[in-house]
Amino acid sequence: MYFNGQFVPETEARLSIYDSALMFGDMVFEMTRSFNRVQFKLREHLDRLYASIKMVRIPIEMSVDEMEKVVCDTIQANRECFAEDDEHRVMIDVSRGLLSIYTGMVGVAPGPNVIIAVFPLRWTVAGMGELFDIGINAVIPAQRAIPAELLDPKIKNRSRLHYLMANIQVSNYEGRNNWALLLDPDGFVAEGTGDNVFIVCRGEIVTPEPRNILRGISRAYVLEELGPQLGIAVAERNIDRYDVVTADEAFMTGTPFSILPVTALDGQAIGNGRPGPVTQALIERWGRNVGVDIPGQIKAWDASRADAAEGPSPYAFRAKR
Amino acid sequence: MYFNGQFVPETEARLSIYDSALMFGDMVFEMTRSFNRVQFKLREHLDRLYASIKMVRIPIEMSVDEMEKVVCDTIQANRECFAEDDEHRVMIDVSRGLLSIYTGMVGVAPGPNVIIAVFPLRWTVAGMGELFDIGINAVIPAQRAIPAELLDPKIKNRSRLHYLMANIQVSNYEGRNNWALLLDPDGFVAEGTGDNVFIVCRGEIVTPEPRNILRGISRAYVLEELGPQLGIAVAERNIDRYDVVTADEAFMTGTPFSILPVTALDGQAIGNGRPGPVTQALIERWGRNVGVDIPGQIKAWDASRADAAEGPSPYAFRAKR
Amino acid sequence: MYFNGQFVPETEARLSIYDSALMFGDMVFEMTRSFNRVQFKLREHLDRLYASIKMVRIPIEMSVDEMEKVVCDTIQANRECFAEDDEHRVMIDVSRGLLSIYTGMVGVAPGPNVIIAVFPLRWTVAGMGELFDIGINAVIPAQRAIPAELLDPKIKNRSRLHYLMANIQVSNYEGRNNWALLLDPDGFVAEGTGDNVFIVCRGEIVTPEPRNILRGISRAYVLEELGPQLGIAVAERNIDRYDVVTADEAFMTGTPFSILPVTALDGQAIGNGRPGPVTQALIERWGRNVGVDIPGQIKAWDASRADAAEGPSPYAFRAKR
Amino acid sequence: MYFNGQFVPETEARLSIYDSALMFGDMVFEMTRSFNRVQFKLREHLDRLYASIKMVRIPIEMSVDEMEKVVCDTIQANRECFAEDDEHRVMIDVSRGLLSIYTGMVGVAPGPNVIIAVFPLRWTVAGMGELFDIGINAVIPAQRAIPAELLDPKIKNRSRLHYLMANIQVSNYEGRNNWALLLDPDGFVAEGTGDNVFIVCRGEIVTPEPRNILRGISRAYVLEELGPQLGIAVAERNIDRYDVVTADEAFMTGTPFSILPVTALDGQAIGNGRPGPVTQALIERWGRNVGVDIPGQIKAWDASRADAAEGPSPYAFRAKR
Amino acid sequence: MYFNGQFVPETEARLSIYDSALMFGDMVFEMTRSFNRVQFKLREHLDRLYASIKMVRIPIEMSVDEMEKVVCDTIQANRECFAEDDEHRVMIDVSRGLLSIYTGMVGVAPGPNVIIAVFPLRWTVAGMGELFDIGINAVIPAQRAIPAELLDPKIKNRSRLHYLMANIQVSNYEGRNNWALLLDPDGFVAEGTGDNVFIVCRGEIVTPEPRNILRGISRAYVLEELGPQLGIAVAERNIDRYDVVTADEAFMTGTPFSILPVTALDGQAIGNGRPGPVTQALIERWGRNVGVDIPGQIKAWDASRADAAEGPSPYAFRAKR
Amino acid sequence: MYFNGQFVPETEARLSIYDSALMFGDMVFEMTRSFNRVQFKLREHLDRLYASIKMVRIPIEMSVDEMEKVVCDTIQANRECFAEDDEHRVMIDVSRGLLSIYTGMVGVAPGPNVIIAVFPLRWTVAGMGELFDIGINAVIPAQRAIPAELLDPKIKNRSRLHYLMANIQVSNYEGRNNWALLLDPDGFVAEGTGDNVFIVCRGEIVTPEPRNILRGISRAYVLEELGPQLGIAVAERNIDRYDVVTADEAFMTGTPFSILPVTALDGQAIGNGRPGPVTQALIERWGRNVGVDIPGQIKAWDASRADAAEGPSPYAFRAKR
């Protein structure tokens, strides 16, 4: 694991409790994945990371090019730990570092921390295989998204306890395919707690305006590449509960799983209650573009994993994007 | 330092990057202080900690009585590290622990983390001595407080990047006594980024309704003990910028410094621009109650500290309450 | 009149006071009209009815195809009651039925109610003839539209006392051509209390985004058919009072009257204060498409109706769309 | 059943589908109960009814004194239908009557309708007996209360589909003691869908400010009579989720059941998770004042009712107050 | 007329079009009145003026004592122009003065302007006499008050075009006793466009919280002096439309007329639709305190004024407070 | 200077303190400029002026054609006062005139006032020359824009004290190139206090939706003429702080200076912190279209002006658009 210029064992990648990250949730991050062990849209993730760093004004000295190199080096350094059928999941954390009042007091150097970890993607997507078939039941909890003017979700940051609160609220519902779908304070559909949402309506793919949401890399891939490749119109528009309930199809996007169908909202079937043809075409096309059977790979990991039977807690596996 | 049942050296008190605290800002905390090395309102702090734990649903097993004992043990264990004129600052962090998807994957035990650190109070209040004389210039930044319905500030939690953003905005102002004073989204005065605010108006002490703010222990001490002891009326009411500008006096409360005068808002003098008589009476009375000359103690620490001359960064020393 | 599978006389088409419709305003509905005794956009109305049913979760068993057949049967059953120059107005009400606690207590069967009535369109449009010439004076009352997140107007439902309140407020204005035009809580123009609003500006037809409004069938006909047929650009955009006051023309759409000019806002002339050329072209084209002189037909009914002189109460005739 | 000046059989107490009540949810109402067959606070209910009538501007001619007499006559006329251990539940509905455009068209007289029904209270409270022991789990749904400025809940009206929506959302939770507790758009706790909510905190009984709620008769009885009788302080204040979770006790009030303990919020125990001493003292005192063992009476009805075992649907029995 | 240190004829008291007052509505003011030619609460008005000056940061050098003296001098200088039965109305305007970019360009000196005019009170209250008998019909227009956080009405300033817009909207209603009553954006009753509003409910005098309103001197006189003198409880609380409609009485206060009954809201009678006993007691007591029959004096002026018959325009006479 | 039909010396162009403009900020206006002494977009300014007049309902009799002629006459009448290198800045003020209660009382005629002044543009742009090179640092103050529903900024009016408050807040920042950039209450970027804002992002020019802003003539020129002429895509979209910080370039438009680069937001560089190529191309093209080197002309005026060294007050020169 990369930690401020060195490779250290994972158990040593720990942050001081006096770090701003732990004092204020003052840390930005990215998480990527590979397809066939080739990082996907790494540069887009890093550009977004640097936008986050700029927004929160962490005075980092490393350039984006240097960062890209370090990420690759970290993957290389860990390559032997991975099984043949693994994909690389990379997590990059950047914190402001020790709060200045503790400088010189505790045995930690001041200045920003850069931490890069690589681990098998299967950790994250464990148990998601069946969702490609049955779809997600999106549940709108009482917890709302925080609007961008107060704490901007476009900054991929770690001050997001409210996402966890949403997940906990949703875990009170019956069923194992419930994922939170947050409304923003205006009542518009915003996003999941680690994923973007889309509907398909009258042949058009529609997703919320990029305001009170993270602007997902997977989201952009659907809008700018997959939609055009398939000749399907795409649009960013304000949508609300009515639009989702009456849509023909719906799906969510996220880095670890790419695309998952959403087949119900608050327990009510969307369309005919099964993954729709547009959703399936998008999944298929994405897989073709990167040379991976995306649902098949995740299902295979599910099957090979001992503890998959019990399944992850309902709010554990949706923490990353 | 207490860490999940053991005492460890400070440099080992670090949290895994896979901990929910670092993934979601999912950690609650308290910070206390002593007067003459006697903890002040420790039980009130712990009761509030357990309210925070309940609100975010961390499944902790330790009872509040056990917690109180451990805190005392930790202070005892560190007693010899403290200078004679030090006061004990205690920080208690409780996180949900490792995200469940990483359980068994990384070398960290699952379940909540309890971390208790003790360090000299002077670290926190360094450079504040002069503020007892010149007072704080409260500055209202563009950054607003997040309302309780979205992320409740009554929960003393670590997802509060927006406080840091407010501090950074205020650091763009000239002068070294600028502290942020946040409005809530309704336009009411809420709180500082680590302190509660009061005005004195027509002989009455008024502080914002306890809604979009942390319900400070020091705040309660003024309202429930100091005010009555001095025979001064107290009230909780919605107040706005006009109320502060036209007040006779204003002050802030916080655990490390107790009470500091606020002598200006956005650079405009409040009252005659000097610490007011009610403010001074409250500070004096507090000191008498606990047997400490509060301003004198802090000024003495300032004087003895080598690096006090340059002063802390404007948003560093106001991170605790 | 169709009532849960039977045809009954009109005086028997009454709902129990224990019905959810009367307990909670828990009923959805549609109202259609014919041109030359041919139903217009019947299927579109029924699809919207089923969207409403889905949104409020009434567990109806009748399919949309069955519903369409029953509507046609009901028209057929009433055909002899109609004069030659009448048009058929159909009202379809679907309620959840008896509240479950009263099941078995009162002499009414449980389960959803479906009621279909047919009556002459002239009942609804009585007295509107002159509005094709002088236009409506749209009045913005203090009453605002309820936003979709709280009670969605896209669901055509019967919990809409606030529409009536708006109508009553407007009835306090002088003049007989005043119709309410509601702002939504964001301050945008939403809709009338039974009609959608459009402006014409720089050659473009603009209507509010389909959010806090009923998505009218007539509205869609203008946007998707009439506009393109006439080669006029159409758009859905947020508009406010300024946009209406400074527009070149304005009009409202509704099922019973199709299109009516709006010639003033709060008493101030829009454009030159007379029905505009785009509005008139739309009315003419609509009439041509369906083979009816729409203004002429309504004026003829006015003339033949004894009580037309006094006119309907200002909030009576605008209850349907 | 009283219907516009006559007593009619229950099956004939039906409203025309052209009535404003069914067209716009344009009906106001009250529901009362007796203790030992003596109506409780009847005059207060009627005064509130007339306030509702005034707010929606129904031009009723009957005076409140006449209304009171008719209610008593209706009870008298039904007296023989009641079992000895029944209590009288009275429902009074007042609608504006036939929409004016249908006047003379359909076989229904114009003008306001007054309908008064009397039925056994046990219909309403069936299955609630155990709630006195286990308490209610208050659940905050995504559906919010409509604020008073848009559709005032202080008017006891029938346009309240959103209450039903809240109940349906809550019915998705596991457990049979879940009742909806709505937040208003400001994020404050408002009310249940047929009940007012109170918390007990530091020896004080607190209930939301009477703004975005129905001002319940039972609520007033607690604030103005029971509290003072027991020497317990009462207050109306804005409260939020935090206040409820950290309260010592909580309860709900409603006409049919008087007072029910609330022992959890979103599944988290309030206080020790059992009905609290203040709540129990209030229930006991109320019963003593009216000479009825309130929980005992309801439990007795439960036991004698055949279908109590299966229980009412979760949103059926909470429609009245 | 006093103008920056000199007395000038009224026709010369004009501001340059390059003055900040005319460029930005950047002027604060006060208007007072005498009773029996003795200024009433002059010091309170001047204190509020200086609060306004402070809020908008006009760098005035004149002290409040000097200002008081100049006001008295100005009255003295004009004394001979007044009829025996006149009262002195004083208007004090303070503007920031010439915008700095025009300094030296146009023939006007830079720096703040202080203008003091004295004129007969009868100009302002002409035609109000009958309102003491029939009362005001308060009308809630679509125009809302601007909240304090955006442009604080507690600052008595000249940027208040929206008040005029409210008056114009209300002038569209029939009747000559219509006065605007503004809601604030939260939906609470705020104030008139030159007056504060009160209701009397269950023996208590209630007025809106002093937030989105001017804190009237007359308002304070009722709350702090008249109420206590008459032994009537007073309170500041959020009130809404329901509270006003269901109140026993209502009234408005303003400097020129002191107190006027409000007998209707949007045309609906408040209480019995006539000035209420508490209102009348307040008017009588005020008059007794200052030795003037307040209604009688205004009615006498009405009678003696030639143009009183036609009456002032509906938004002219309500511009002052 | 033109004043209600006559030409008067500048020192006589003063408004009575009883004028509605000074009582309510009730005045609308326009300010234009020439290029090479040819008025630019004069008709567009006048059309907007008449839209403002209509919105505030000033009953003016002069037609827009007459107004245009009077403006030209006023320029002609002042032509000799201008230096050869001057440009003509025209200011047109229209007020409602004397409040009706003062009619006949003071020596001023009733009815609307029309005032037209012509002065050298250099007064307004003094000191702006260097901004073409270093760019503006846009600062977001705590003061928010007033939304259109409360006081519409699309009406170019003089009730805008809040703009001045924003400027004063920003003047507390260090540096001399700070200009205020207001957010609206939704948190979207609105406008400066006398200018519109644009960003350049991925080759597209984007500016806020024309809702809570003045719809600038220069803004329209960029969107409708310069953008198309240069083949650059333009769009109106909601944008927020994130969009500005992460943009490639930004600029502001305003009548006196045409276009100025914005090179930082709250002190953080936008793009590379220097005026961007799209911005420069727009400035260059505009200059070419009108035959003036726009930055050069302003810099020349700077150089020739004695007092340019000290610079204008930070909120003086940004009052016009």
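Labels for the chains are A, B, C, D, E and F, by order of writing; each one numbers its residues from 1.
Note that in this section a residue touches a chain if its C-beta (ideal position, glycine included) is under 8 Å from a C-beta of that chain, and two chains touch if they have at least 3 such contacts.
All of these numbers come straight from a predicted model, not from anything done at the bench.
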| item | value |
| --- | --- |
| Chain labels contacting chain A and also chain F | B, C |
| Chain A to chain E, fewest steps along touching chains | 2 |
| Farthest-lying chain, centroid of Cα atoms versus that of chain E | A |
| Chain of greatest Cα-centre distance to chain D | F |
| Repeat of interface A-F, chosen from A-B, C-E or A-C - more than half of residue-number contact pairs shared | A-C |
| Between chain F and chain C, distance of the C-alpha-averaged centres to the nearest whole Å | 44 |
| Inter-centroid spacing, chain D versus chain C (mean Cα positions, whole Å) | 33 |
| Of all residues in chain C, the ones touching two or more other chains | 57, 149-150, 183, 186 |
| Chain-level touch network, classified as line, ring, star, complete or other | other |
| Listing of all chain pairs that touch each other, if any do | A-B, A-C, A-D, A-F, B-D, B-E, B-F, C-D, C-E, C-F, D-E, E-F |
| Touching residues on chain D, where the partner in the complex is chain B | 183, 186-187, 238, 240-242, 245-246, 268 |
| Footprint of chain C on chain F - complex, ascending | 51, 54-55, 57, 147-150, 152, 154-155, 186, 209, 211 |
| Footprint of chain E on chain F - complex, ascending | 10-11, 13-17, 20-27, 56-57, 91, 93, 96, 99-102, 104-108, 115, 117, 119, 123-124, 126, 143-146, 149-151, 157-165, 168, 185, 307, 312-313, 316-317, 319 |
| Chain E-touching residues of chain C, taken from the complex the two chains share | 140-142, 169, 172-174, 183, 266-267 |
